[in-house]
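Each of the next two complexes has subunit A plus one other chain: subunit B in the first, subunit C in the second.
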Partner chain A sequence: MKIFQALAKIDRKIIFAILAVVIIVPLIKPLGIISRASNRAEAVFNAVDAIPPGKSLMISIDFDPGSQAELYPMLNAILRHAFAKDVKVILLGLWLTGMGLGEEALSITSQEYNKVYGEDYVFLGWRSGVLPVILGMGEDIKRTFPTDYYGQSLNDLPMMNDIRNYRDIPFFITLSAGDPGMNTWIAYAQSRYGLKMGAGTTAVSAADAYPFLQTGQLTGLLGGMKGASEYEFLVREKGYSQALTPASQAMDSQSLAHLLILILIVLGNIGFFFIRKTTAFKGEK
Partner chain B sequence: MQRQIPLMLCLVFGVFMIIQFFIPHPISTTAYEIVLRWVRIIAIFALVLGVGSLTMHHSNKIKRKVKGWQFSIITLIAAVITALVGLLGMNVVDGRLIFFAGIGRTSLLQTFFQNFYIPVNSTMFAMLAFYMASAAYRAFRARTKEATLLLIAAFFVMLGMVPIGSAISPRLPEFAEWILSVPNLAAKRGIMFGIALGAIATSLKIILGIERGWLGGGK
Partner chain C sequence: MTLASSIWIWVGVFLTFCIFSFLYKDNPFYKFAEHLFVGVSVGYSISISYHNVLHPDLIVPLFKHGELLNIIPLIFGLCYFARFIPKVSWLVRLPMGLVLGFGAGAAIPAVLQANIIRQVQGAVLTPEIFQGWNFFVWALISLIGVICTVIYFYFSKERKKSTKFAAEIGIIFLMIGFGASFGYTVMARISLLIGRFQFLLRDWLGIIQ
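Presenting the complex of A and B:
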């Protein structure tokens, strides 16, 4: 009886300690469980791959450092893929607190591929107001963003000469951790202007994307850190980059953490059932 | 008059935006672009309001010495310094402080972001994993039929969504995908339709002046 009571009431400090060990150990000594790409991740990859060299991929950073572990590796992997294919990149964001991450990602990946600012990539940054920004870009990007993140006029950036609005963007990806993010882009840019788009989301909000995947409004989906690791796997497998793959390395930790939580849930329920059964039996007596 | 003018403006612009959507004429498109520019300008005032509200809130806490008022001092100092660093475009080049040099990769703003904001924000979010593990253990109990169903679904999705799931059995990710693509999708779609219909009804009520709560001021 005592065992079952203990199973139903494990001290939270013990749970915290075991979870810490389960997360840290695979980071030091990886288990090497391979993360294969899902159809949804492959759809995003293929859409980026199909952009002709010289055309532009637009990415929106709709997250902040809180979701960095899941979405930042996606951003780096997508940037590496685009730069390796000589696809131009337009980066912007709906979350002001994510702009520093965009700056960091561009500074790392652009140097790896010797890309020139203004010719191969542009960082638009953030503007106040969400809906007028998304809708305004559907009419004219330069009117919505007269200057880039650094205060430079878009008219002075050669890459922006041939780009007026969403019609000149073959594919768009939102890396979304909530609102504003994926839903906002679908409602206002995809529905109204027919922008072809894919999404990278945190694991908890991946389920929200399924209705849009079925309707075809979303081309593909990268869900959580697993989605990031799948994109990293594809980029590496196709030989576009040999850079570090942080999401793939962290997947062992996530796998074991999920397994631990499931074991805890099972143990908690075993304890719960036996206590309930014993209590009911005593009550009958 | 004080209420009638805003109601009239709401009606005119509401009806205009609906009609404009269906008429892609150059005149309507130009008018639409002007409206979007106005909205962007108005949105900037929300920032002013936000900064004002933050300053007032924390100043009051410091004045009244409310519990934890010391943190309000840190908040205000951090807000002022960050704003100044960004507005003055402070950069450190070869150990020298340079002003009005932008907010690029060598800027002090980016240094602050990378060394203060990222670690603090990431740590806050990372701690959630521990609380979630503990909460899942305590809350996921098969007390009722519905709770059992939820428990079983969560079990397969959690296992199927990580590589160890496919290592155990290739069927697990397929089953997790089925749960997300069929039962989850059916429920989500129903909820979304409900929300959309509710939003349309509320919008019409606001445009037609039936719903006036947004005007404020009680009666």
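Presenting the complex of A and C:
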């Protein structure tokens, strides 16, 4: 019984140390666990793939650096996919503290594909008030965002000449870490204006997104870092990019960490049941 | 292995270790990093708000182009600060009432449509359920789950026999839902940890690509 008592009392610092080893080792020495794309990720990929060259994909950065590990690789992979297909990109965000990440992602990926600001992509940035922004763009994007992130009038950007509102956006993706994010876009843009949309969410929010998939309110879903790795896999497999794939690189560590946690949960429960059984037995005596 | 030369990477590494130090116990390094994060976030927010909203939407139109109608939102905005002056603190109700009224008016129909009506339709009427027997079985399970879970949350009448049985089935569905959420939460937290280790191993130490 001593072993079960010891199991139930493992110092959390030992668990942290084991977890660190389990994560670091596969990052340095990859195991090569094969990761395939789910049909949910494929649906997002196919929707972006189906946008005709010259038309626009709109992406909303609804996250901040706190969720960078999960959602930033998605943003990069989607941008590379769009640029490789000559799809124009409109980037904006509902989370003010995510703007720096959006600017950085656009700067890196646009250079890889020699894309020109104002002709191939536009960064609208952030505006205060969530509902007026989403509802306003359903009527007129230029009225909601008279200027872009850099203070330049949208009328001066050639790409925006043919874009008035959501009707001119074939597909929209929200990269959402909470509220405002996926739920807000579904309620106000998808339901009201029929905007065709997909979502990339943090793993915490992914479970909440499934009902919207089933009803068709979401075309597809990228859930957490796994979703990002699936999109990276598709972009690489189709030959759109050979850039580094940080989410895919992390999948070995992710799988082993999950395995460790499963083992700890099982061991912890076995220890708990045996200790309870022993204590109850002694109590009866 | 090539150590980073950028000072900002080293700052990031120092702050990462400050936060990690909490795993041992609460300490001044952790508190420093935590307070710095809050301060930087607020400062960044104020700066972006000024340059992206206040300046282009209020200061330029009002003071440079002379569009006097912008005085109305300016006054409403200033009313928020009335809270600091007890004698006129009631003025804060004006902008708050406007925001709440607009928010409720816009939210009620939209949320009802997206989260209730479409979900009820999805639970029973999705055309895809007739594509194959597996779609139909899952749709049926989903429908049973919805009904049983709703019965579990019906507290106005004592549960007996069939309703008690349905409520117990509802608990099973709830537990499956909580389990899925917990699993995803574990995945999320591990992802964030991996992200930090990638930063340390790639950007700082240069061990991985």
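Following the convention adopted for this analysis, the second predicted complex is superposed on the first by the 285 of 285 C-alpha atoms of A that agree within 3 Å, B and C clash if a C-alpha of one lies under 4 Å from a C-alpha of the other, contacts with A are read in each partner's own complex, and residues count from 1 in each chain.
By our rule, a contact is a pair of C-beta atoms (placed from the backbone, for glycine too) under 8 Å apart; a residue touches a chain by one contact, two chains touch by 3 or more.
This structure is a prediction, so every number in the text was calculated from the model and none was measured.
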| item | value |
| --- | --- |
| Partner chain(s) touched by A:43 [first = subunit B, second = subunit C, both, neither] | neither |
| Contacts of A:131 with subunit B and subunit C, given as first, second, both or neither | both |
| Subunit B versus subunit C as contact partner of A:272, first or second or both or neither | first |
| Touched partner set for A:34, first subunit B, second subunit C, both or neither | first |
| First (subunit B), second (subunit C), both or neither touched by A:103 | first |
| First (subunit B), second (subunit C), both or neither touched by A:151 | both |
| Partner chain(s) touched by A:186 [first = subunit B, second = subunit C, both, neither] | second |
| Partner chain in contact with A:24 - subunit B first, subunit C second, else both or neither | second |
| Which superposed partner A:10 touches (first subunit B, second subunit C, both, neither) | first |
| Residues of subunit A at both interfaces, subunit B in one complex, subunit C in the other | 16, 19-20, 23, 66-69, 97, 100, 127-128, 131, 135, 149, 151, 192, 203, 206-207, 211, 214, 223-224, 226, 254, 257-258, 261 |
| Residues of subunit A defined as touching subunit C within the complex | 13, 16, 19-20, 23-24, 27-28, 66-70, 96-97, 99-100, 125-128, 131, 135, 146-147, 149, 151, 183, 186-188, 190-192, 202-204, 206-207, 211, 214-217, 223-226, 244, 246, 249-250, 253-254, 257-258, 261 |
| Residue ranges of subunit A in contact with subunit B within the complex | 10, 12, 15-16, 19-20, 23, 33-36, 38, 64-69, 97, 100-101, 103-104, 107, 127-129, 131-133, 135-136, 139-140, 143-144, 149-151, 192, 203, 206-208, 210-211, 214, 223-224, 226, 229, 251-252, 254-262, 264-265, 267-269, 272-273 |
| Residue ranges of subunit B touching subunit A (in the complex, touch as defined) | 21, 29, 32-33, 36-37, 39-40, 42-44, 46-47, 102-105, 109-110, 113-114, 117-118, 121-122, 124-126, 129-130, 132-134, 136-138, 140-143, 151, 154-155, 158-159, 161-167, 173, 177, 180-181, 184-185, 188-189, 192 |
| For the subunit C and subunit A complex, residues of the former touching the latter | 23-24, 41, 44-45, 48-49, 51-53, 56-57, 102-103, 106-107, 110-111, 113-115, 118-119, 121-122, 126, 142, 177, 180-181, 184-188, 190-198, 201, 207-209 |
